[in-house]
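In the two assemblies presented below, chain A is common to both, partnered first by chain B and then by chain C.
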Partner chain A sequence: MASQEILREEPSRASFINDPKVRSLFFQTLVIVILFGSVWWIVQNVIDNLARLHIASGFGFLKGRAGFDISDTPIAYTSDSTYGRAIIVGLINTIIVAVAGIITATIIGFVVGIGRLSQNWLIRKICTVYVEIFRNIPPLLVIFFWYSGVLAVLPPPRESYNLPFGSFLNQRGFYFPRAVWGDGSWLILVAFLVGLAMAWFVARTARQRQMVTGQQFPVFWTSIALIAGLPLLAYALSGFPLSFDFPKQSTFNLTGGFQVKPEFLSLYLALSCYTAAFIAEIVRAGIRGVSRGQTEAAGALGLRSGPILRLVVVPQAMRIVIPPLTSQYLNLTKNSSLAIAIGYPDLTATAGTVLNQTGQAVEGVLIMMIAYLVLSLVTSAVMNVVNARMALVER
Partner chain B sequence: MKHIAFGILGAAALGFTASAASAGTLDTVKQKGFIQCGVSTGLAGFSAPDDKGDWQGIDADFCRAVAAAVFGDGSKVKFTPLSAKERFTALQSGEVDILSRNTTWTINRDTALGLNFIGVTYYDGQGFMINAKKLPGVNSALQLSGAAVCVQSGTTTELNLADYFKSNKMEYNPVVFEKLEEVNAAYDAGRCDVYTTDQSGLYGIRLTLGSPADHVVLPEIISKEPLGPAVRQGDDQWYHIVKWTYFALLDAEELGITKANVEEMKASDNPEIKRVLGQEADTKIGTDLGVSNDWVVNIVKAVGNYGEVFEKNVGSGSPLKIARGINALWTKGGLQYAPPIR
Partner chain C sequence: MQEHDMSWVRTEMALAQPAPPSERGLYAWVRKNLIATPGDTILTILGILIVAWILPQVINWALLNAQWTGPDRTVCATVAQGGIQPDGWSGACWAFVNAKFGQFMFGRYPIEERWRPILVAILFVALLVPMLIPRVPRKGLNAILLFLVLPIVSFFLLIGGVFGLPHVETSLWGGLLVTLSLSFVGIAVSLPLGTVLALGRRSKMPAIKLLCVIFIETVRGIPLITVLFFVSVMLPLFLPEGVTFDKFLRALIGVSLFAAAYMAEVVRGGLQAIPKGQYEGADSLGLGYWQKMGLIVLPQALKLVIPGIVNTFIGMFKDTSLVLIISMFDLLGVVKQNFSDANWATPQTAKSGLVFAAFVFWLFCFGMSRYSMYTERRLDTGYKR
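Showing the complex of A and B:
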């Protein structure tokens, strides 16, 4: 009894200052006060100085008429649109190049990464050279390489390369016919969606059947037939409503058709090639991380090397690959701001122009920072969901 | 909410540097011993480094003139090359003391941007340049519908271009770059059909292209581009020094004071010349401004008068060979006019 009492009294006997709980509470409060105090001081300083220098402030400028044109406008935009809309156009351009770049970089990265582990000496060496070249050159130089080294030396519009299907390639970009959808073309879209749904259903049933009976079904070819065949059938039935707008030569440029500008092309190709080199290394590390015993066990079960890779190695490697892959996707998105060097109107370029025309640097930079932050957080969130699904589920 | 948002990045951008600028630019400049002058990244005739790396041009010489007025020595200038997009932030934040960078004077820049333009050192207008060899038969800007147009971002040029094509119901593809060299390279490589900027600039850029003779400047001038130096708002003393340096250059030309004859002119019988050069007894012609009384002598010794600066950099003494035109003195039918120094 006596010993228990002593134990209970001990905290109260200790000095208030030496109580670890009180101490930690005190220091945490102190840190918060200092943090908020300095933020407050910075905010006040900026507001005071802007007012003293007679510089306009606030976000009202976003509603003003922009007055400048943008070369790539995925949404309707003219010089009469607002500054806010100009920034949104830039943001959408950034998203377009980032998404396209991520998809392409992932494909190239996986091919090259697996290629580095190939049994074939030539394939292995080619992939190694690819990785070593692109991984060791700054991304800006890769962009300039595509822009000034490859696309700028193409012939002028009047001497364009004629490519199949009425497409053209010249130093102003890549031109191809644009589809013009006539009456009844909605049927094709519906047929495509139905085909997609049916393909998914077939794949599911086939997997269930294989689980139960062990019999396989040619899912791949059936899906192709459904996804491509149904819309083609609908196209024929609705009386061929599709026509094409072909690019034609005019005084200065090719007009009509769809133009992919060299600024976009070079940025997209450069970001894809550059990031793919890093993804290839991540994929290689991921595959190497799967124990050799797994491959040998699969081989012992009689699987050939293709199915071993597809069914045994890659699913396990993905668990190692996905977290660093997320960083590469974020890097690609942020590297897209190098677009400014070649005049692709991404977020940094359009928001920068707005910043300069209005002179509101603090607000302009703030908008850019928040936009990139949100983009990165969304990318991370999506990849976290994918990662959670891929993670090892213990049974 | 707006205010909270400001602060997150504001400190580095504006907060700290701006407080230094409030000490009075003249005092700050005297303390550090030189003037920090914001110039272009390279525009022949206005501000461009020569083969020795020295900055040459009207805009560069203007900064030398201010340095001569303040220090009596035109070499006490350091140049900061700025892109069109960086220039205003650089001046606002105190990174440069004068922005002398072929910048168009507009109401927006004079008010909302917190700048003060001191005058017009060069009256210009926006024009178009094309490759006549590749585009025979084009001799007017009104034939440019459908063309790809190279332009520098963040300039009044970019805005005038949009207005001009819109009001003439023409289409165009803008090809926009941040830096002048990038625009030049893209135009030279044939990425665009047309180059648009201030006409004086077009003549300068033409000389740097692969084969200058192939390129012609179209006759249309689509805008007023009064180019001049600017300083920060809220510092009247510095504003006056820079403004009167410009006036002194003009008055010196009007009175016939040149780099060569400035010393003899000191002994002139003309009371006006004596007054301007600070040779009157008990004169306060410079000290009231915050500089020495022989400030005009120093300016003219350093760079010459306005006419000399013009001819050396863009006129007959330069490869550009631009005529004085509306940039002549008012006495010769031009627009350059300065209030009297008295």
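Showing the complex of A and C:
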């Protein structure tokens, strides 16, 4: 019985210093004290330095006159506009190049990624060479290559390359016809939206009908007809209000049309090519991650190669692909800040100019950081929604 | 009932038959890999067209039409541009790379002092190569020499100012020297720092966990350029008056912090992949936290994520080119700076310089990724499925 007595005793405590709870509390307090101490020290230094440099802190400077020009302005902007507006112009430019780059990179990436798994030896090798080249050189170098190596040595406007559909390419950029929307063209937009809504409805009904009766309905062609046909019909009915302003060659320059500047073009092409190499690897890994048994089982059920790909392989591959794809989209958005190296006025470039002109370093860097964080969060949120829809629904 | 003596057992193996002719040789390979189906044939033709369009252009430009030596821009410019080449000539201007090679490697490092970076490079290679070959013994000593002694020796050798070596400002450094020293220090700092951050993120102490999460997620959410802006503009504001930081050091801090945040996420993935039993086993052996992590968990976790770690290294190596934005001149920066040299300005200069820089970057990154694949195979203990 004596042994049981011993067991009931208080467990012998080791020394106070070895108690995990005390230790954890001690280290956390220590870290917090050090952190607050250094933050306080830094804040004091910043205040002293700002006072010495006669810089007023706060965001009031955003209302001041900018006084510098921006080459690409998606919204109205002159050098008389405010600093705040200049930063917004930069933010919009960042979003434009990021969205355009993401779309193109995804298309190239999927084509190359599937190409790397092709039965065809030559296609496989070409895609491998593409991926290995672009994965292993810095994105900034790719941007410079397009900018100084390719676009800057194009012929001057007078000897522009004539491309199809009345577009031109020269050292000042890429010119293509601009759509001029006449009276009543709002009808086209409305028709397009109605077409989209109807296509969605048709797809839903057809799906429900297939679930109940097993009968299929050609959803794809109906949707195409609705989405493309309705706007065309509206275009004809409203009396052809849409016309095109073609770029024309004059003595020294091209006039009219829509000009895409070489800065945007090189940034967009470089980001697309670079990120596509990474997306290709992700797609390849995703498709290879779907086990062969799935394809074989689908074949045993009597599906043909098209439906096997569409209904069995791709949905499962997408589950593997989407999370790393999201981080590539985020990388592309962040890499768009390299625009500053070639003078495309993105967020970093305009905020950097504002920062240099006003000396408001703290606020300028803060705005940049918050803007990129928000962009990243929005992108991840969108992709999380897509991911949730794709994710495996388990009982 | 055993009268039937029909059983006949073959006593020697049948000889292997050669594969049928349709499955052998070049024709079978071509049929299987290039013209299996009509669609495949079309793809092959398309592929051949692409190769036939690109390859001759590349070879002509980079090798056949290229100018390898020359005193100035005239060798690389057409007659209309004031040079000696016929009109319509297009070829690489390797003469430019040749003439500027010293700058591309060392930047504006004084010519009579260039033996110092060369000596550092020789020491680096002499320590790195045995480190990379698994069979060479004494890895511990080698690692100490490479990661502790070499940085200190290189620091004094490159900066100078002691032992009678003239002082060389870091603003004179440039080219591959900057690229390599930035990435080497970044690699040496980011792996331990990232590991500590990852451990902090998985820590049970809420304050430390929160701090690590905030740091990692903030740094990962903003571009490196913003981080570099931050360290180059804000650090001087953070310090008391009169205390200044070397610009090179600022870039080093920025790059290392940035890479550490990404490294932390990679290491965290490895930590999560280690089964709980390993942690519990270590606990039951009575190991303390650092013993548990250092002896049991991290060796397994880091081995699992070698590809991710090397990918982060490659990413950082490429990202060092961004220091150009805060007006430091790494390899790419020096190449770009030399475009404006009037002595060499031709339409081909930029392309040639950039292709050269791309080739150097590519060699390093490709080498790293191949070495990581090799290590991965070597360390594969059959743990992964």
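Here, the second predicted complex is superposed on the first by the 352 of 395 C-alpha atoms of A that agree within 3 Å, B and C clash if a C-alpha of one lies under 4 Å from a C-alpha of the other, contacts with A are read in each partner's own complex, and residues count from 1 in each chain.
Keep this in mind: contacts are C-beta pairs under 8 Å (C-beta built on N, C-alpha and C of every residue); 3 or more make two chains touch, one makes a residue touch a chain.
The model shown is predicted, which means the values in this text are computed figures rather than measured ones.
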Using the touch definition from the top, say if A:L35 reaches chain B (first), chain C (second), both or neither. second
Touch check for A:A98: first (chain B), second (chain C), both, or neither? neither
Identify the partner contact of A:F68: answer first if only chain B is touched, second if only chain C is, both if each is, neither if none is. first
Looking at A:S376 after the superposition, I want to know if it touches chain B, chain C, both of them or none. Which is it: first, second, both, neither? second
Does chain B (first) or chain C (second) touch A:E132, or do both, or does neither? second
Could you look at A:S337 and tell me whether it touches chain B, chain C, both or neither (first, second, both, neither)? second
Once the shared chain is lined up, is A:A280 touching chain B (first), chain C (second), both, or neither of them? neither
Taking the superposition as given, does A:L50 touch the first partner, chain B, the second, chain C, both, or neither? both
In the superposed arrangement, does A:V365 touch chain B (first), chain C (second), both or neither? both
What part of chain A is shared between its chain B contacts and its chain C contacts? 42, 45-46, 49-50, 52, 148, 152, 340-341, 352, 355, 361-362, 365, 369
Under the stated contact criterion, what part of chain B meets chain A in this complex? 2-11, 13-16, 18-19, 21-22, 84-85, 88-89, 92, 108-109, 111-114, 134-135, 143-148, 153-154, 158-159, 161-163, 166, 172-178, 182, 185-186, 189-191, 193, 232-234
For the complex, give me every residue of chain C touching chain A. 32-34, 36, 40, 43-44, 47-48, 50-51, 204-208, 211, 218, 221-226, 229-230, 233-234, 236-241, 314, 318-319, 321-322, 324-325, 332, 336, 339, 347, 350-351, 354-355, 357-358, 361-362, 365-366, 369
Chain A to chain B touching residues, read off their complex: 39-40, 42-47, 49-50, 52-59, 67-71, 78-79, 148, 152, 156, 171-172, 250-253, 255, 262-263, 340-343, 345, 349, 352-353, 355-359, 361-363, 365-366, 369
Touching residues of chain A toward chain C in the complex: what are they? 24, 27-28, 31-32, 35, 42, 45-46, 48-50, 52, 118-123, 126, 132-133, 135-141, 144-145, 148-150, 152-153, 330, 334-335, 337-338, 340-341, 348, 352, 355, 361-362, 364-365, 368-369, 372-373, 376-377
